[in-house]
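Working notes for the structure below.
All chains are identified by letter, namely A, B, C, D and E, in their written order; residue positions are counted from 1 within each chain.
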């Protein structure tokens, strides 16, 4: 495993973005950084600025109004970047999939690397999902726009 | 300190101080806010329209997902409103179980909020402690209902799960522990100078304004107005349980914090009392599938204040109109008022002060043409 | 001569050592901070997560490099390097091994100059990236500097007056010779230095220029990838600088004890300072910028003047 | 300074963190996780499909594929389907570790065993 | 409660019907002419200081506005008034109760009822670029249609 890859797996910084969810997923996501679950164990840090982040955690069905902002935040993140859809809403639109102001899952707008179903997923389930993402990074599997750091623009 | 003449400072939609995307446009003179224009709608999922498309039972789950923080308040209000349409008598044991869940939810929501307020003030350690202790409540709710956040315990005509006597004992034990911890943190909040400096005298909402701007919940009570739907318009079993309505005369963010802390202690008392007086019997009665034309208003004291639902049935299995007014919309006018004249650095504190949850405010469609 | 020295400094193997120290300090800080919050902190990267800062650094280096369109490109690119070098230069004058790498009479003044320069780079960093949050952050950091720099300078002068020297090495040696620490002799000065350093390092309660809940990441908002890596390295080095500075000025510096080499003693002492800083930042809430400036002027400055007067009249030195 | 005492106490105390996923998570017995179907019991009565608020269940009434199509990516784990089932064919498990890297694997097809189907048709 | 009902008797001229489905709930339907005048008298007389919310219902040819007032925060009095769809105009009550500002704005967004004298009838929750004259809560718009409009078609 190259040093780069090692470093990437060990230091996934997250940014969290609510795209119209009901807060359920958001509070569970925040609960994952608190003492009981403490995702800093994995080197995960919550970032405020998309420029600093590696992983975008999206909660909620994509409302029409938020779409542009979501895409903008995604663009502002430097490569390599990954997207985690947290909750059923972000996975498929969930209970709101038929509402006319909603796009549906995150993958209708930006590529997603890991889906975490649950309404809301327990913090444990979120950690499990992130572990799955890290697993995927260390293995050969690549999805979404992950180009494994091979296409570094400098 | 001055950043120049009047400039416009956007706040949101993605901003770390807001857990949810909302947008405020501030006009700032130097360091002082002179004008606020809110632009909500980023979380609009069109739920009110969606209510008209689904059956009453399915709508229960939609109502639950109006908001994840006080999901139980929404389902309680929903069931109360729909049972008012039929009308349906809910068995007393179910009423008590609903009430216990509602108070547990208030505990989780208030401790979440006090944590967020501390975090907003840069007081991360207290945030961590509060959220650590909040896990106790989450565990209880998970054990009773099967999920930490969306409990899905209410159903039209009763509740879906019972509270066993072991669970009741466990709840009582946890309540004692939690109450002791809350008292400890209250002492911290009352004496920590850096926190007091950020909250005392910040975001003043005078009682007169609080009434005329229709503020609700802890925001209203922190301005010294004694109003609580639980006491004024008792639903569930609140009429049978003795409890105090907490008020505070501070009118500032500090007062809102203290009101919420004291309400937590009060909630713990209510839960203990309710568990001791839990009636025996059935936990649900079957509801009819279709509902004759009628109309009904339900009110619930959600953790953030008065929540009001209005339903109108038309004889089918689906409602004709369903209206939700969540507490945050009720408080929006008052928070815009209190923001005027505030320091830029205080904006997050004041906004957090009403415990905003925009997800329940933006009910209806928001659609971007070029989306 | 000077040029030769500077080149010599840069190829000095000590740099790698200082980098290592910087990462170690960050790890200690994070671990301890987590511990105070009843958490574990980094755990799986290396033993007990000790390699976490290294992993962060490497990861940031390997990230895509984005330059926002509206920023001042030349400044935007150079500033991170400057920011990382400045604390490094400052570290050379701190007597880490008992005597500093470059020691000269007046390096206390030099140190103050460097710390002011650091703030200037912060200001430029925020300003050049042109985002509104960055600009607010940079203005805040400049304001903050105006208020803590003077008490900080005065505090540094306290020991200098007592030892009749403006050299850090001499101040440290004076304490060894008199077998008394300035911590005991000038406690007010110690407290003021600690508070000013918290402000310099932008830590709670003075993390106003990068207050996350108010202005995202302040002046750092627009920086990502390699630039952010350099800023973080610079910050860690600053942390080393601050804690070793306090250790040499107030805790007796690198006095040898039994067979333990002086370097180790100094590092241990500075780690104690580091833990103190960590603890302080855990138990306070953030001030508002106007509260911070007025607080510095109304409390710290008079306190410091009292301290200097005490020293002048022969008390505490 | 008021947090001083509490904070100082934490230094000596064991962290509250659980080491999940390296040790099992806290799972109460009643946790609502993933529903599973027992197709031996199912009589394809469509009640669960109707009960589901998010249309996560699709029943295929006839043919060789007859059975239940379950969409994990839509399910909100409300357990209404299990309550609705007249034959108790649906069990709500406590499995919450459902994250996956692809959505296509989240649709599960439970087929009705052929012989049981014919039996059901007979009765 | 009885007291309120008795006092409401005094306004017989303006009131069409009074319903009292259960404790602490009163529905009052009033005539639309002279509505504002009547409402301000009612607010004064009964001390209806707290406005819980305003509901708008589309009845087909007409729309109904329900003002949910709280009498001393205890009794919920819903005052209903009908507005013709062809000329959806009512006077604002923000001068009587300033807190009504966002409720009225919301109703304007969703049902297209004009509140005369309201300080800002601009959009509150519909997005920039939302076509004027499309009001999602009106019955003539089905979900499918709104979906189409939302995605750019008209």
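Here is the rule we use: contacts are C-beta pairs under 8 Å (C-beta built on N, C-alpha and C of every residue); 3 or more make two chains touch, one makes a residue touch a chain.
What you see is a predicted model; the values in this text were computed from it and never measured.
What is the shortest path, in steps, from chain D to chain E when you may only step between chains that touch?
2
In contact with chain A and with chain E at once: which chains are those? Just list them.
Both chain A and chain E are touched by B, going by the contact rule given at the top.
Contact counts by the stated rule: is the higher one at B-E or B-C?
B-E
Can you work out the whole-Å distance between the CA centroids of chain C and chain D?
53
Take the average of all CA coordinates in chain B, do the same for chain D, and state the distance between these two points in whole angstrom.
29
Centre to centre, by mean C-alpha position, how many angstrom separate chain C and chain E?
Between these chains, centre-to-centre, one finds 61 Å.
Roughly how many whole angstrom separate the Cα centroids of chain A and chain D?
Centres of chain A and chain D (C-alpha means) sit 22 Å apart.
Give the residues of chain C that touch two or more other chains, as numbers and ranges in rising order.
Only 34, 36-40, 212, 216, 282-284 qualify.
At least two other chains touched by the same residue of chain D: list those residues.
Chain D, residues with two or more chain partners: 1, 3, 7, 15-17, 26, 53-54, 76-78.
Residues of chain E that contact two or more other chains, please.
127, 136, 143, 146, 150, in rising order.
Within the complex, which stretch of chain C touches chain B?
36-39, 132, 136, 139, 143, 204-205, 207-208, 211-214, 216, 282-291
What does chain C use to touch chain D in their complex?
So the residues of chain C touching chain D come out as 34-40, 279, 282-284.
Which residues, counting only chain D, touch chain C once they are in their complex?
1, 3-4, 7, 10-11, 13, 15-17
Write out the stretch or stretches of chain D touching chain B in their complex.
Residues of chain D touching chain B: 1-3, 6-7, 16, 26, 28, 30-32, 51, 53-54, 76-80, 83, 92.
Touching chain C in the complex: which residues of chain B?
The contact residues of chain B facing chain C are 1, 3, 9-10, 15-17, 31, 118-126, 128-129, 132, 192, 194-195, 197-198, 343-348.
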